[in-house]
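Take a look at the structures listed below.
Here subunit A shows up in two complexes: once beside subunit B, once beside subunit C.
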Partner chain A sequence: MDEPALIQDALEGDLNAFNTLVLHYQDIAYNVAYRIMGEPGAADDAAQESFISAYQKLHQYRGGSFKAWLLRIVTNNCYDELRRRQRQPVLPLKPDLPDGEILEDPYWLEDEDATPEEHSEQAELHAAIQKCINELEIKFRTVLVLVDVEGLDYQTAAEAAGAPIGTVKSRLARARERVQDCLQGFWELLPENFRHRDEKMI
Partner chain B sequence: MKKERQHTRDLALLSAYLDDALRPADRQALIARLRHEPELVAQLERLRRTKLTVGYLPRLRAPRNYTLTPEMVSMRSQKKQPFASTLRLASALAAILMVVLFGVEFLFTTGPLASSQLASEPMLEAAVMMDDAQPEPLILWGHPGVGGGGADMPVEGRGGDGSVMMEAPVMVESMPVEVEVAVEEARPVEEPVAEDLPAVMPEMMAEADLSPPTDTEMESLQMAAEGKKQMPILGINLDEGGEIIQRSGDTLGIQATPPAWRVILRAVQIALGVVAVGGGLTWWLLRRRE
Partner chain C sequence: MNHQHHTNCQDTIQQLNAYLDDELDPQLCAQLEAHLESCTDCHIVYNTLKKTIQLCQSDGEEVALPADVRQRLLASLGLGEVDDTE
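Coming up: the complex of A and B.
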């Protein structure tokens, strides 16, 4: 994919060129939005809104990493949405089964080779990790998602978060420590090789 | 506190070490410490496992394609209402303009430009005050004992040469009788003065001889003799018991009201304030409704 050429074509009004970029980045955009928002519906909205904003603001792109620039828009949209929700709390609608059991979100069921029991354990573990991420302040959460979930390097993460690298380093360290403390409460869910030494002793 | 700061610093170093983002010198120093500090090693291990655990989260795929259609882009353009942004812009501009106008007003009223540029109001006030505080001398035509050229000349009704002066308006304004008394008291002063100046007398008498009373003066003298109306000058109406005619700024048609530019400025400032506050509040309410 010739990214600069696609960007140039999109700047000239070629929507197909921009859509090629969308297809390339939509998974990471949705994933970041989901990890920051903690909810699939909100992440879906944020991702779609981000691509529309990106197309509208493409003339403001000044070179550099297009992925970082795009993720900056995604995180900003997430911030805006979270702020709006703080003012007007929104309760997510979860479809209930007839027996009262809550239907799991489909993304937990993506490992097709896992047994139902493994599915359940994985789902619980993922939910625990996501819960710990959700408990972080938004600025720590964003950096943790960008570096530890998405695997971005510090430079790209700094651009995407709109913060200096030094700030990203310190935020990431504190975010990791807080998640570590939070996960103490779910140690039995962690796979054997992920448990801390002192947790095994408990 | 110091221990906590050290812990935070160590945490940042360990975290960056995990990501291989330390400078070579810092990295070497940390490795050296890790050899001797088991607690630091334990902390590094906990961070490593946490990083792995968080990374254990699956990479999700987008539930659908987010490709844009021309309708979506155009709808977005239409959806973006210019009203809210215009309101916000107007509110901000009004606030800025109001501050600027306050600044200008301050500069031209109490600031460094007040005396040089627009001093009309203070000057006007000062003029009115001076007018009230330093009244001109009052000279009464035809009043007995007032005025006169001195000596033994018949001076009644001819107006004065300033030998009797009244600085009256403020002091006697409400006491017209005292004006009369003051005038009466002034009369005896003339005679000793005339007597004390014998050397001057011949010349003055000669001048008096050289300039006999004119017709107008004679008429005035007759009117005085007949007790006709004595016309006050410079503010005293003797027929009304020496009532002082006000000669302040009010009677002269000069009023100490703010100048027009200041009234207009105040009105503009109020209007801008209303736009700034009203626009800001409306925009805030619109944003909350979104």
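Coming up: the complex of A and C.
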């Protein structure tokens, strides 16, 4: 894909060129929206709105990474949508358990749509990670999603998050710290070498 | 000595994220690696952070854009269905 040429063509009104760009980035845009919003329905809307605004704002694109520019629109749309929803209080997802206590039949992990086979340990661990990421404040969640989940480098993540690199670094460190703490609440699901830290600390 | 050691640990822990993300200056990498080899405490922090990052990365299985959303998207842009293969 010759991205600069496509962008140039799109700017000159070539819809096919813009279409190709959309098709190329639709999955990452949707994935970022999905992880930031935490649910598919909201991600659908955010992804769709993002491409429409990208089309409308294309003339504002000033070179650089098109992916970062597009993801910036996605994260902004997600922020707007989450702000709108903030009026509705959300129940805390993380149970307050005494250290080391094992929760039988963790109700907060249950996914109503999951089939019995999906209730494997692996699926539970994934659900736990997802919940821990979802618990993060949006600015921390965004950088963690961009860098860890989507594999962006710091520079691209900074552009996509609309924040300086230094801010991205500190948010990423905080986000990972919080996920780490949160995962300690899911003790029995973690691979053995991950539990090592607490054993040493006792 | 103690103070020096303490400073090294703090520096190390501050640089661990960038190190694990391949975003740390190569010169600092060598210093950090030397410290990690000699400091058990920092090595434990390093291992735990590495594992945390791996767990977060494992959450990154691609979710494909649902077909109906894609259709709505293309329709709303006034674009027809086009070939998705590169």
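We adopt the following convention: the second predicted complex is superposed on the first by the 157 of 202 C-alpha atoms of A that agree within 3 Å, B and C clash if a C-alpha of one lies under 4 Å from a C-alpha of the other, contacts with A are read in each partner's own complex, and residues count from 1 in each chain.
We take it that contacts are C-beta pairs under 8 Å (C-beta built on N, C-alpha and C of every residue); 3 or more make two chains touch, one makes a residue touch a chain.
Keep in mind it's a predicted model, so treat the numbers as computed, not measured.
In the three-chain model built by superposing on subunit A, subunit B clashes with subunit C.
When the two complexes are overlaid on their common chain A, residue A:Met1 makes contact with subunit C while staying clear of subunit B. By the touch criterion defined above, A:Ile129 lies against subunit B and subunit C together after alignment on the C-alpha atoms of chain A. Residue contacts after overlaying the shared chain place A:Arg84 against subunit B, while subunit C stays out of touching range. Contact with subunit B, but none with subunit C, is seen for A:Gln56 once the two complexes are overlaid on the shared chain.
Look at A:Asp27: by the touch rule set out above, it reaches both subunit B and subunit C. After superposition on chain A, the subunit B segment that clashes with subunit C is 24-32; the remaining candidates among 24-32, 168-176, 222-230 or 276-284 show no clashing C-alpha atoms.
When the two complexes are laid over each other on chain A, subunit A has residues 15, 18-19, 22-23, 26-27, 30-31, 34-35, 40, 44, 47-48, 51-52, 55, 125-126, 129-130, 133, 144, 147-151, 154, 169, 172-173, 176, 179-180, 183, 191, 194, 196-197 in contact with both subunit B and subunit C.
Only residues 15, 18-19, 22-23, 26-27, 29-31, 34-35, 40, 44, 47-48, 51-52, 55-56, 84, 87-88, 107, 110-111, 125-126, 129-130, 133, 144, 147-151, 154, 169-170, 172-174, 176-177, 179-180, 183, 190-191, 194-198 of subunit A touch subunit B when the two sit together in their complex.
Subunit C contributes residues 17-18, 21, 23, 44-45, 47-49, 51-53, 55-60, 62-66, 69-70, 72-74, 76-79, 82, 84, 86 to its touches with subunit A in the complex.
Interface residues of subunit B facing subunit A in the complex, by the touch rule stated above, are 8, 11-12, 14-16, 19, 21, 42, 45-47, 49-70, 72-73, 76-77, 288, 290. Residues of subunit A touching subunit C in their complex: 1, 15-16, 18-20, 22-24, 26-27, 30-31, 34-35, 40, 44, 47-48, 51-52, 55, 125-126, 129-130, 133, 144, 147-151, 153-154, 169, 172-173, 176, 179-180, 183, 191, 193-194, 196-197, 200.
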